[in-house]
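Next come two complexes, and both contain subunit A; in the first it sits with subunit B, in the second with subunit C.
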Partner chain A sequence: MSWYLSLPLILPFVTAIICYLLRERAIGAWISVAGSAVGLVAAVALMALVLDHGVVAGQMGNWPAPFGITLVADLLSAVMVLITAITALAVAIYALSDVDARHGRFGYHALFQILIAGVTGAFLTGDLFNLYVWFEVMLIASFGLLVLNGGKEQIDGGVKYVVLNLVSTIIFLMGIGLLYGQTGTLNFADLAIKVREVENQALLTVIAMMFMVAFGVKAAAFPVFFWLPAAYHTPSFSVSAVFAGLLTKVGVYALMRMFTLVFDHDIGYTHTILLWVACLTMVTGVLGAAAQSDFRKILSFHIISQIGYMILGLAIYTPLALVGAVFYLVHHIIVKANLFLIAGISQRLTGGSDVYKIGGLYKASPFLAVLFLIPAFSLAGFPPLSGFWAKYVIVKASLDEGLWVVAFIALAVGLMTIYSMTKIWAEAFWKPHPDGIEPKLATLPGRAALLVPVIFLAVLTMVIGLMPDPFVEFATRASVQLLDSTAYITAVLGEDAIAAPVPDLDDLPTTEILEVEQ
Partner chain B sequence: MEQLMSILIGILVAGSVYLMLARSLMRFLFGLILLSNAANLAIFVSGRMTSGAPPLVPDGLDTPVGVVANALPQALVLTAIVIGFGLFAFALILAVRAYRSLGTLNTDEMRVAEPKEQG
Partner chain C sequence: MKSIILIAGSRLLVALLTVFSVYMLLRGHNQPGGGFIGGLVAAVGFVIFAIACGTEDARKALRFRPTDIAAVGLGMALFAGIMAAIWSDAFFTGQWLFINATPEDKGIPLSSVLIFDVGVFLVVLGSVLAIVFALEEEV
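Up next, the complex of A and B:
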């Protein structure tokens, strides 16, 4: 069983090593594609296993939990690993054409694979300190990718990205230390049991807030999102696509894991804060996007506003809301990575990324225009695309709870998203190019490698949109697992873990206690 | 002992916040070192502090006798120090590159990737 769990981790590392050894040759890029394809197979195998068996846990090095490092895959982890593998394959194909030999020599493909390993590890780990280590693996790889170009813009964006992420990591580390001091364990499943025995529950809330801040920075939530729009538009397009798709979602995933499994002791306090954070994240993100004119900056701010929806799903904390959050998470990774990939094609065709200074894309290729419209309207939540169902479930969940204002904000932000998308459409696609250039897709070198992943992800968006039933049903099962941690805990610690810490003496009849003492 | 260490951690955090609020990137990085050391000490203290009680198992027994030092936080701190060291080395090199290509370490003047502030 543990092979299923460790293969999605081992494969990218092996691929990274081979890519690094062959970095001088053109074949490195193909090895990255091949490695990602095998990784996708491993992720599908893991998904099939989890669908079959429920929560799967593996003890690395055969040290029993909670002492060793545990890898756990419940439905949420499995689907995140799968979607990571899909994104990795799409971006690896795109990189065949987008990343030149110079960046290949600098180790682009190796760093990319390490990034994928870090993201996958963060989704699979069942141990808090191990999560920190995966965060660091992910961070150091993303630092490398971000500044690989070495231009002024990359260095400038890199400085802000690096320092703010390092601060968040240290807050995370401090939270780990304090939580260990209170509970004496770092295993998620063990923590879920031990936090209930902590005497000073107020202190636990303080620690929970430290985690909220640390993961909030990673997820780019209000008011700690500033590193994201400062950096995401600077690296090469394949890098920003994988960043936009995956990195912030690791923060959201960590929030969802910690605030369903471990920190569910004071939902009235922590999840109310999350609710406000979610609303403000949505609003500031979408307003920020409205003020931007650079293709990728608009998209970067939209990442922030969309993160708000996912946190909203977690904050409402009803089964339906969590269904929405899981669905949103999956849908958004596909859509967002795709939009950044399309931004890359548009830059190649028109020679710029400021939407006011480019144009004529529709005339260049109506096909590309359709490919843009699918993820763009999905992002805004048009039926029948995937984003519609994601938004529908979350708005429905907030209405069910009587949160009228929140539902209104969510809908209004969706409307504002359309404003930004139509701005890109009108400026970059519809109007003729201001410099009189007539871009042509048919003569673009390496267009097959650029278009295949875009088409692939767009088809995926359409499939989720047209046949949402199996996906909603899956998200429902995943959210049931999130809300009822019994399956997770027993998979990690064994069947008798839940029963063991029960003895709450007040609940037992006095006679029985006396008998035990005799 | 725990109280003393807690006060020390507090001083480290206060100093690091002061340094990180400065405009110079170098000061920010020095603040980062202090903060990461404060975090390491916090883990160390939260593990239980003992003096002169190494976690050794005597001959013929399965568990150590009496109150001994908790080895796990020390292992965690060690890992965190190593990781922190690597990241900090990267951040330092990045600062050098930033100084060479942007000509400044004043974070207010680093506005290449973003529009300049108005007013």
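Up next, the complex of A and C:
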């Protein structure tokens, strides 16, 4: 059974090695596509297994938890692995046309596959130290991809990206050290049990805040999001699509994992901070987008505002809110990656990425315009697209809790999102090209490889939008697993791991509490 | 800058370091050492050679491109992990073969762990040399 867990990790590495050794030849790009396709099959198999058996855990090298390397897949992990594989396949196909032979020679396809391995590893790992390792794998691969073009702009974006991410890594590593000092373990399931026995709960809250900052940087939450808009508009379009879709979501996933499974001891404190962070992230992101005119910079700021919604779902911390967060996570990866891919096609057609300096895309291809409208409106939350249901669940969850202001902010940010999307629509699609160029999609070389992934992802958005029931039901099951860690812990540590529960101070009579304090 | 003293010294040092790196690699399973440290020691050998005689000669002495060595090493390490599937164990479970084993003595132990370590050795050697050669040639 453990092979179901390790295959989604092994396959990208094998593909990366083959791609690297064959980097001089054109076939490298096709191997990347084939490897991603096989990876998708492995992810589907893992998903089927998790749907069937509940939480699945595997011990690498047969060393038992909490000492060995544990891979765990609950529903959230499995769906993230699946969506990663889908995005990887879409981007690998897109790269057939987007990435030229020169970048292939520099090892683009190998780095891309290693990035996918890093993301998948972060979703599957069952202990904190390996989460750190997978973050590093992702960071190294993404830095390589960022500077592959070697231009001044790329190096500039890449350095900002790496420096700020390294700061996050250092805080993360310090947090790991302190947590290990307090509990003597780093295995998630073991931590979930041991943190309840820690005497100094205040110190635990401090450690929790360190993790919040570290993952907040990775997720591009307010006020530590600066690296994202500085870097995401510089690399090639296929690279920025996979960055936009996946990298920040790893941070959100890590937040969701840690602040449901391990740090749920002081929800009143930590999750209130998360609530403020979420609201400020939404607002600053969408305001930043309104001020931009570069196609990808607008989209980059929208990533930030959308991250706010996901953190909001975690911060409200009711079952319904977590359903919204999980749903949002999945929907957003598809939509955002798709928008970046479309930005790439638009750049090819019009020769620019500043929306005020390009135009005529609607005339070039009404079909492309429709393909843009689907993810754009989904992002803004138009019914019946996937974004509507995601926003609906989150707003409903905040209203249920009586958080009127939060619900208002969430809705207002949705409205502001439409403003930016209309700006792209009016400038890039509707008005004629200011230079008098008449772009034509029908004569664009390599258009099949560019359009197939875009259509595929748009259809996926439509399917989630028109048939939300199974997806919401799935998200409900995933959030139930997040809130009740019993299944996760027993899957990793065995049935008798939580046989002897630690007495909860609230359940004891008052006299006994006094005795404990003395 | 070519220094005769360094060139003469490097002949001795490079051979010594390369042999020592293999020794470090092989003793690594139960004692301090292993693929990572062995790879570093081997890389130091080639770095000294590159400083003494230039990167062009060092590249020739290495025969393969450093990044290719690293990629092959990664492949070996993965292969050592995947081998466990043949015995239907979990990924990266160590597989052992004891040659001439008697009840008192384990004989010559051969393991998939060694293949993994050799892979790590090559990854470290390849990636360190790729970086050092690139820096040396930049000037």
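We take it that the second predicted complex is superposed on the first by the 499 of 518 C-alpha atoms of A that agree within 3 Å, B and C clash if a C-alpha of one lies under 4 Å from a C-alpha of the other, contacts with A are read in each partner's own complex, and residues count from 1 in each chain.
FYI, a residue touches a chain if its C-beta (ideal position, glycine included) is under 8 Å from a C-beta of that chain, and two chains touch if they have at least 3 such contacts.
A quick note: this is a predicted structure, and the numbers were derived from the prediction, not measured.
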item	value
First (subunit B), second (subunit C), both or neither touched by A:Pro432	neither
Dominant toucher of subunit A (residue count), subunit B or subunit C	B
Which superposed partner A:Gly446 touches (first subunit B, second subunit C, both, neither)	neither
Partner chain(s) touched by A:Gln59 [first = subunit B, second = subunit C, both, neither]	second
Partner chain in contact with A:Pro383 - subunit B first, subunit C second, else both or neither	neither
Contact set on subunit B toward subunit A in their complex	20, 25, 28-29, 32, 35-36, 38-40, 42-47, 72-73, 76, 79-80, 83, 86-87, 90-91, 94-95, 97-98, 101-102, 107, 110-114
Of subunit A, residues touching subunit B in the complex	129, 132-133, 136, 139-140, 143, 147, 150-160, 162-163, 166-167, 169-170, 173-174, 176-178, 180-182, 229-231, 233-234
Subunit A-touching residues of subunit C, taken from the complex the two chains share	67-68, 71-72, 74-75, 78, 81-82, 85, 89-94
Residues of subunit A touching subunit C in the complex	2-3, 6, 10, 13-14, 16-17, 20-21, 58-62, 69, 107, 110
